Amino acid sequence: MGTENFDQYREDTPGRANVADTPDRVAYYRQLQELGTGALWNVANKIEPWEPVSSSVPMLWRYEDLRGHVLKSLDLVTPEEAGRRVVYLENKGRADVVAAVGWLYSGLQTMAPGECASSHRHSASALRFIMEGSGAFTNVDGQKMTLGANDFVLTPNGTWHEHGVSEDGTICIWQDGLDIPLMNALEANFYEVHPDLQQAVSYPVDAATGTWAGAGLRPAGEQWTKRYSPLLKYEWAPTYEALQNYARVTDGSPYDGIMMDYVDPNTGGPVMQTIGASMQMLRPGEKTKAHRQTGSFVYQCAKGCGYSVINGQRFDWKERDIFVVPAWMYHEHANASDTEDACLFNFNDLPVMRALGLYREEALGENDGHQPTLSN
Amino acid sequence: MGTENFDQYREDTPGRANVADTPDRVAYYRQLQELGTGALWNVANKIEPWEPVSSSVPMLWRYEDLRGHVLKSLDLVTPEEAGRRVVYLENKGRADVVAAVGWLYSGLQTMAPGECASSHRHSASALRFIMEGSGAFTNVDGQKMTLGANDFVLTPNGTWHEHGVSEDGTICIWQDGLDIPLMNALEANFYEVHPDLQQAVSYPVDAATGTWAGAGLRPAGEQWTKRYSPLLKYEWAPTYEALQNYARVTDGSPYDGIMMDYVDPNTGGPVMQTIGASMQMLRPGEKTKAHRQTGSFVYQCAKGCGYSVINGQRFDWKERDIFVVPAWMYHEHANASDTEDACLFNFNDLPVMRALGLYREEALGENDGHQPTLSN
Amino acid sequence: MGTENFDQYREDTPGRANVADTPDRVAYYRQLQELGTGALWNVANKIEPWEPVSSSVPMLWRYEDLRGHVLKSLDLVTPEEAGRRVVYLENKGRADVVAAVGWLYSGLQTMAPGECASSHRHSASALRFIMEGSGAFTNVDGQKMTLGANDFVLTPNGTWHEHGVSEDGTICIWQDGLDIPLMNALEANFYEVHPDLQQAVSYPVDAATGTWAGAGLRPAGEQWTKRYSPLLKYEWAPTYEALQNYARVTDGSPYDGIMMDYVDPNTGGPVMQTIGASMQMLRPGEKTKAHRQTGSFVYQCAKGCGYSVINGQRFDWKERDIFVVPAWMYHEHANASDTEDACLFNFNDLPVMRALGLYREEALGENDGHQPTLSN
Amino acid sequence: MGTENFDQYREDTPGRANVADTPDRVAYYRQLQELGTGALWNVANKIEPWEPVSSSVPMLWRYEDLRGHVLKSLDLVTPEEAGRRVVYLENKGRADVVAAVGWLYSGLQTMAPGECASSHRHSASALRFIMEGSGAFTNVDGQKMTLGANDFVLTPNGTWHEHGVSEDGTICIWQDGLDIPLMNALEANFYEVHPDLQQAVSYPVDAATGTWAGAGLRPAGEQWTKRYSPLLKYEWAPTYEALQNYARVTDGSPYDGIMMDYVDPNTGGPVMQTIGASMQMLRPGEKTKAHRQTGSFVYQCAKGCGYSVINGQRFDWKERDIFVVPAWMYHEHANASDTEDACLFNFNDLPVMRALGLYREEALGENDGHQPTLSN
């Protein structure tokens, strides 16, 4: 703010600030600065934009590029040294907050058979989406869950958690998703290491799914007052089956094809208070139209191949590739196959948008709903 | 109230009314009567009992007794004449309000292949639990659903509905459950015949289950603001599977064994605002302990055989038998088999109790939780 | 049901039951009776009416008729003998359940200076509306509240309560309103006498109003999770002032004039789960139009004079008169004065109607919204 | 991230990252950078702190320092040029986002008689707290409200609003509070100028208070489904009276004295979804103990004088001074007078903390709850 030019955001529109610098005014602005203040009209047009312009950029990380590096970390660091052995994804526009997009963090974690990370908890909400390997498990507040490819599992805000791979498993890789950047931005991030470094298994293995995975059913007498889903683990097989069942009775969304949100069966609401997640299926040959939303998205291709156009830029993806859609950027998806379906997992901060009354959505009206793609 | 004795409810307990008739008082009471009034102390102990005493009695209806009579109605009346061809269950204590227990109505309905009842709607909430036959269907607000044995289906308050059996089906029998008596008692019962007598099928058949039967999943973008479950149909196979899954990870309830409530996946709450329903499984050899609850229950045995002790009276049941537990009566259940599980379906008015802040539950403390049974 | 005529409710309308008795059928009906069953078509049209027909009748009780009798009870019984010294209002159609209308009980209670009734609690929700006298008080769960004319005070479901008149007060009369009949009908009525017969005063007198009577304000840090209003007492002066303020900025309701519902400041919802209450002001000369609602109403004139037409019958009222409007009966109100406003207090069971999804309202379309009045 | 040192955040604690740079690792980190990725263990301890450390600093702005400069803006810019004539408060640690503290913006606005700013709307929620002058008004979605000193008024997310001073008023100054920085951070900020630049007055003046300011009362039949308070304006006189009433029946909070939250009478919840506000009274001589909370606070002294100790630093305040408490910093307040009470208004982002499950509070345990103050 030490610049000589105070009037750099002027707009010549009724209702907007439009005050030219004059010697009197500039003298006044300097006085204001000394008092820990400023003239709103010099920054009003900057801090009150007509619509959001995300500081993130659309990006795609190819799994074939990352996989080797992720595995290499097995040789470079132990889980004890590293806490967690993770390669994180860094958005070009968000390196300062270590975010993959917006306020969402994502990384790829790998563990070898017999390894187990120490137990801890934090304000950040976390999820895992399993990419490869067998024998992975997580323990959330004493609930041990076994994990396979395309399973989606929660470790909500404040829960003790640890994860590992069983002795008879194989090297595993999974995607971590967290809202660490948001928790830091909101100055509400607390962290604790478990006093025993490992926590006990207090329930039968996979008790959560045994208890809460009956559709339209809930265990009589079970109380659940926490504000995250008691189901904790969402397995791939029933998720994929649900998408196929839904496809038989719906035309789907013009923007997202056949899409289901993972929800808390106790409330019908999002799985956690600050992170939502969905799985969508693009039918053979399906090409969706473009829309944009407040909120940021991290996608992973769970099945098949195709491409997405984000803010006019085309990104081709296949299984395990990860890409991000920043807030209020148009995006549309296409399945590249005419015979196989393609599935995209995503996690997002829509629960934040909705809880604060900020969710908006807009379809692209022109060009039959499709963005002109820029040359790469 | 024309009796000479006004003081028949006296109790000699501090805090309770205890006013003996005297000539002065009786003269006074007669004056009050003429004014459309009365002295509270003469009725206070009657209208403020120490605890509820249900006007219903425990009863069991054996399917083998009823089945022939239900089928006989096929010859006696047409659906057109009868509206619905139903034999209703009449509680000895509730004949005045045509209730099976408390404020709950139940009946057995039969239809032959090719028959279809006319479409109508009412304030009473209704459900159907399929007992036998193939080809049954129901159409609720344009959603046609196919029905098989042990399927549970809703026709909520205010929805247009009709039901029938397809041409290629067999004679079907199902149990109807409604809160007609409650709607009449609350003076809120409205009834309408569909202007076209039949309604259109506006969705793919079984769209509700295709859309809403994914556990922990909800169709992205689908709005559902009605206060009853969009799932509408709860099929037997996934219900039974959920009970078995739950049994693997829980000890179950000492009073109810392995029990799941049917719920609205949109909210996690009861399927309708005035009627709840549950399915419970008694493991081989299981004998539960006694408890009592506010609220009335209509049970149907969906699988196996056993007995229940209700208010000290033993009722033996096997598949398709129906019995009722009146409010605040102790009840306990036993599976008669040491090798097969037994399943009991029930519907009840617990949502009313809970919505009005009246739900209470109490375990029997004495005799290790088991009622002494009276001789029959 | 021992009658020879089973077909007395036939209706010759498509979709309604219309089955004539025949010897075969009558023989069948007799067999059904022996099994604790019946043929639905014989009662369907009776238990599924086109619209509610209340079993209550509109009635008005003139205070000048009742007051002397109420006071006479001071000589006839002590509070210790009577529990509470109350003359209850008995609807001609509801004597069997001791209701003033529908499922609502009402009575006039009187106490002399220095008297105090014993403490107790029950499932029935209760309210008091003060009619005359000074020094009345009530103690609800340790919160002692002082009461004056037209004050409205709650004693919700499950709260310990006692009431009395201070030594330096005068003889007091107030109206009690309760849902005792509903609690009995729902078989959920429990009653307990306080182990000490009197309860302690655990808070500063009138703590509830001191804490919760700031409009648009709530005490920071106070937790309130109970499902009834923590305000407990609604005083007349601010209520009347609020009506006048509202009158300055609204045209009011064509059916109810200037009307405010008493609410729970913690939720904005009704004061108790099963009883609601309102105060309405008819401006000088105001005559409202007729409408009808599900739910029953007990009115007391708190100020002024006028008349109401209920189901075509005119009832003239003045201060302290009490009248009732049964469910689904048209009613309209008129202020008899062209210079003074008139105020009507009412309590009702609308919270039950709303909690169960049964609320309906309908305006009278014909005759400019006014009922033709029958000769008295 | 181009630094040679990757291991600058190491912690020698079990469960925390502790990986020393080695040539192999550094080479690996460089490869990761090229792929738009990084090694989590190098930043984990930084982005997962043990507890929040706010980037804001405690600050106080004295009104006597600011007032002259605020008034000077009357000569320097017109409302037409400036949009709004406001001097904003800039936290030393938050100049980049134009925040007074955390994600909260605040400014002092001045208008002269006859001036009126143009109508607009935005995603940011706003409030005004009147500091001096007469004749100020605001129009929110057609509801014109008159404003006096210490009145608190809302212009919620998405509402059209404009404000001004009537011709017969005096120069007015008020404090604006908004969450502009949060809306920008969440990339959800939209802005629109009203098509007519001014909006109509569609209701009687001060209709909101006439309708919704009855304590424990709500206008019968009025629907309000928006997620902000329909009361809109909270006047000083009833607020101060409520504080005094509350003081008579409570000991108050050890940390905040007599404190009331402004709430939405329709729900009992916060006035807007993203900003809360409270008024607290420190009784003569009162000195509170220290506590800390997630969430940021902007205070204005509304009455009296005293001081606050924030994170060990003492700030003396008197009427109209403004100061801020950053997240998770201990703070305690003292009234400097032994005869007069002192009142502090504050607005904050607690509704965000609560909606996202992030609210925490902690009392200072040591030193009898008082912070040692640092020398200034």
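A, B, C and D are the chain letters, set down in written order, and residue numbers restart from 1 in every chain.
By our rule, contacts are C-beta pairs under 8 Å (C-beta built on N, C-alpha and C of every residue); 3 or more make two chains touch, one makes a residue touch a chain.
Everything quoted here is computed from the prediction, not taken from an experiment.
Listed here as common contacts of subunit B and subunit C: no chain.
When every chain is reduced to the mean of its CA atoms, the largest separation from subunit B belongs to D. Centroids of subunit B and subunit D (each the mean of its C-alpha atoms) stand 53 Å apart. With centres taken as mean Cα positions, subunit D sits 44 Å from subunit C. One finds 29 Å separating the Cα centroids of subunit A and subunit D.
Residue positions of subunit A in touch with at least two other chains are not found. If each chain is drawn as a node and touching chains are joined, the picture is one closed loop, every chain linked to exactly two others.
Pairwise, the chains that touch each other are A-B, A-D, B-C, C-D. Interface of subunit D with subunit C (complex): residues 203-204, 206-207, 209-221, 229, 231, 234, 238-239, 241-243, 245-246, 248-250, 253, 256, 259-268, 278-280.
By the touch rule above, subunit D contacts subunit A in their complex via residues 1, 13-19, 24-25, 28, 31-32, 35-41, 43-44, 47-55, 59, 61, 65-66, 69, 72-73, 76-77, 80-92, 95, 97-98, 102-103, 105, 107, 118-120, 122-124, 157-158, 180-181, 183-194, 197, 227, 273-274, 294, 296, 326-328, 352-353, 355-358, 360.
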